[in-house]
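Below is one structure. I have some questions about it.
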Amino acid sequence: MINKIVQSMAEAMAGIKDGSTVLIGGFGAVGQPDELIEALIEHGARDLVCVANNAGNGRVGLAKLMELGRVRKIICSFPRSAGSVVFEELYRAGKIELEIVPQGTMAERMRAAGAGVPAFFTATSVGTILANGKEQRDFNGRTYVMEHALKGDVALVEGWEGDRWGNLTYRASGRNFNPVMAMAADLTIAQVSHIRELGDLVPENVHTPGIFVSRVIQVDRGPAWA
Amino acid sequence: MQGFDRKAMAARLAQDIPEGWYVNLGIGIPTMVGDYVPLDREVILHSENGILGMGPAPAKDKVDPWLVNAGKQAVTLRAGGSYCHHADSFAMIRGGHIDLCVLGAFEVAQNGDIANWATSENDTAPAVGGAMDLGAGAKRLWVIMEHTTKDGRPKLVEACGYPLTTPRAVKRVYTNLGVFDVVAEKGFVVVDLAPGVLLEQVQAASGAVLHTQ
Amino acid sequence: MINKIVQSMAEAMAGIKDGSTVLIGGFGAVGQPDELIEALIEHGARDLVCVANNAGNGRVGLAKLMELGRVRKIICSFPRSAGSVVFEELYRAGKIELEIVPQGTMAERMRAAGAGVPAFFTATSVGTILANGKEQRDFNGRTYVMEHALKGDVALVEGWEGDRWGNLTYRASGRNFNPVMAMAADLTIAQVSHIRELGDLVPENVHTPGIFVSRVIQVDRGPAWA
Amino acid sequence: MQGFDRKAMAARLAQDIPEGWYVNLGIGIPTMVGDYVPLDREVILHSENGILGMGPAPAKDKVDPWLVNAGKQAVTLRAGGSYCHHADSFAMIRGGHIDLCVLGAFEVAQNGDIANWATSENDTAPAVGGAMDLGAGAKRLWVIMEHTTKDGRPKLVEACGYPLTTPRAVKRVYTNLGVFDVVAEKGFVVVDLAPGVLLEQVQAASGAVLHTQ
């Protein structure tokens, strides 16, 4: 019997190596797998490349992972926000690398990795400093830059429901980067609010099919998120 | 010289959005535009984080923590709205399906260049978000911003000094002083001015020639 | 009020021009917009380029459109099947052009068109005659071919449910090519079995959001499909 | 020389699929493989037209016209199965997420080349379907086919004569005479032979050298 549901965070994190590229879902706090990030801190892997839309907030979660010196590089679209104190300190001190990627390019690069597309062309960033050093090419009279697939060793995602085959659903805007990250990583670990029996999810409305998910763990996000 | 306040700017822009358009509103004044679209005119708001058919902010006791806009503020979903993932959401933007994007800006140049994401090439960690995707992908880009910086420097310019977000993308600019089209091989063309504002005043506050129609 | 629902096939077909590229959904009979194809025949547009997985069956639908001499070229993955008699006659007589595209490449090319990607790389067809004349390139030690976006002037799709904003759902394997075709065309026309009130579709489970759909028309597919 | 019949070939292959694999079965004998996976071993079948977790053919009075496999035959969906669109379905294939694809073939060469879609370069309208995507994208490609053509010509060959589907893709071949691995810089290696079949008979029916382990 296939059973991707794990009972402990130690099982969920098993095998994550130093030097991994870790894709972390969420847009702000929504759809962000907080409990998995805490477990990654506990797990201890270091020299990580983290891909996330934001560069952490306050001194918890991704910010804490950075503060502990575990993150070599961050790939994101929006590093600077009111709460990104840890990132800014580390970055000014030259202790963390940064790759800024337009948000849509970031999503598309991961989708490409999941879909077997090593590179594609996009109009986004043409004529800006973010296109510096990138190959450019005209199609039908318009200029595009070539972007490469962005693959993860690990993805940490948050779903709403999950089952033992790894099928996931998402709630409202909690979906965001999670489905593309799930398909772009070798090892995809999902935290979900609810475990469902196999067959309870409506086949037409599974948002991430289990083929893209390695492990599922139930977390209690508290009454506000229920 | 008074001109529009921020609410009036947002309302002025809102009156130019026809029914049926798919519209992405950036953070700040652009977000306010949504509040001034008449309720009987169906305009479908898109948010980068996978929302189509976004509604206004909820009552405080109706906040759903799973539902935020691109500025991470609590919002609602209208009947007919739907959710999708980030790559599908940006396919809407990058594939040319969004009729209009409204952004704020540091500068707009007379050739339509927009700079709104980084204040210098040496900015250590500028935050681009979805601005470059929207600038390059939406069918139309309109900018809404104060006509000058807080210290009085013009934001309508001959050429941008700040790093570009997207070249030759802006079609129209709404400021506290008026509305200006960006016309190819001509530059800024005055559409109309805020009440009580004179053309020579606006010209004096601008860093590029303002043409009249 | 936005209302994409139209009441007649004449309204549904309005404005389709000679010379159009028409994307036609379906995989075999399933998810194939039979009533829209009949309406296109009635409408009379000619010199069409049709994109569909198969090259028609029997002497109805797409096969009839071809038999009437309205189709200049067909782009498909599987032209030859037991029932593709019309296509084979026309093709042998040199009366129709054919572009064979691997099925996944065909789907991805339309998805690219819908997502603003003018070209991308794929490993599919490398080392075969279908890669002849195509640009090839190595990424990470593997060879890929470059494929271009495949855009439609018109898409004819079949959904299960639709509403006045153009939101669609699909039933079971009826989904197939329909969502990628809907996003890849300038004018997307959907036939659906059921019209729903705005707000009746679950927001998380809309399969094609209305932004990709121009017109919706209800059809009666008969009791077998209900 | 008897060897396996088609059912026995399918059963022989099925016994090599471990629990938990995601498997795409081509049209013809490959489809039969699904019937021989023991019911208590969960193997998740994928179909190109957007089905994951496909089940066996339905009873005649339970046919759902909306649910067919890649061969356009009526099928069922298992509990835990799901549907997706064609681009997502082929993302599973092309992105390397399918553990195993089983195809029929006209020829397999000792370097792993497979030809299974066109019978000549002059074939006027060959039908490729998803074969090239599967050949290039699945983690493993196994072929199941008769050892020779109906008129006795070998289908295991030194080099394919027919147009290729995918170069160097086949890892293993199941025929009515036995099971053969394709090993880099070596060629065909006998894994085992059908009951009552002798190596020299199989070699005589093959167009390439068969190595023993």
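We just call them A, B, C and D in the order they show up, numbering each chain from 1.
By definition in this document, a residue touches a chain if its C-beta (ideal position, glycine included) is under 8 Å from a C-beta of that chain, and two chains touch if they have at least 3 such contacts.
Keep in mind the model is a prediction, meaning the values are calculated, not measured.
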item	value
More contacts between chains, A-B or A-D	A-B
Between subunit A and subunit D, centroid-to-centroid distance (C-alpha), Å	35
Subunit C and subunit D: spacing of chain centres that average the CA atoms, whole Å	29
Approximate Å spacing (C-alpha centroids) for the pair subunit B, subunit D	54
Multi-chain contact residues (two or more partners), subunit A	108, 111, 115-117, 122-123, 170-172, 175, 203-204, 207
Multi-chain contact residues (two or more partners), subunit B	77, 83-84, 87, 90, 93-94, 137
Pairwise touch network: line, ring, star, complete, or other	other
In contact (per the touch rule at the top): chain pairs	A-B, A-C, A-D, B-C, C-D
For the subunit B and subunit A complex, residues of the former touching the latter	47-51, 64-68, 72, 77, 83-87, 89-90, 93-94, 118, 121, 124-133, 136-137, 163-168
Residues of subunit C that touch subunit B when the two form their complex	1-2, 111, 113-117, 163-165, 167, 183, 198-199, 201, 203-204, 206, 209-212
Contacting residues of subunit D [partner subunit A, same complex]	19-20, 22, 42, 44, 46, 52-53, 77, 79-84, 87, 90-98, 137
Subunit D contact footprint on subunit C (complex, rising order)	27-31, 55, 77-81, 87-88, 91-92, 98, 100-105, 107-108, 110-111, 122-130, 170-180, 207, 224-225
Residues of subunit C touching subunit A in the complex	108, 112, 115-123, 137, 139-140, 142, 144, 148, 169-172, 175, 202-205, 207
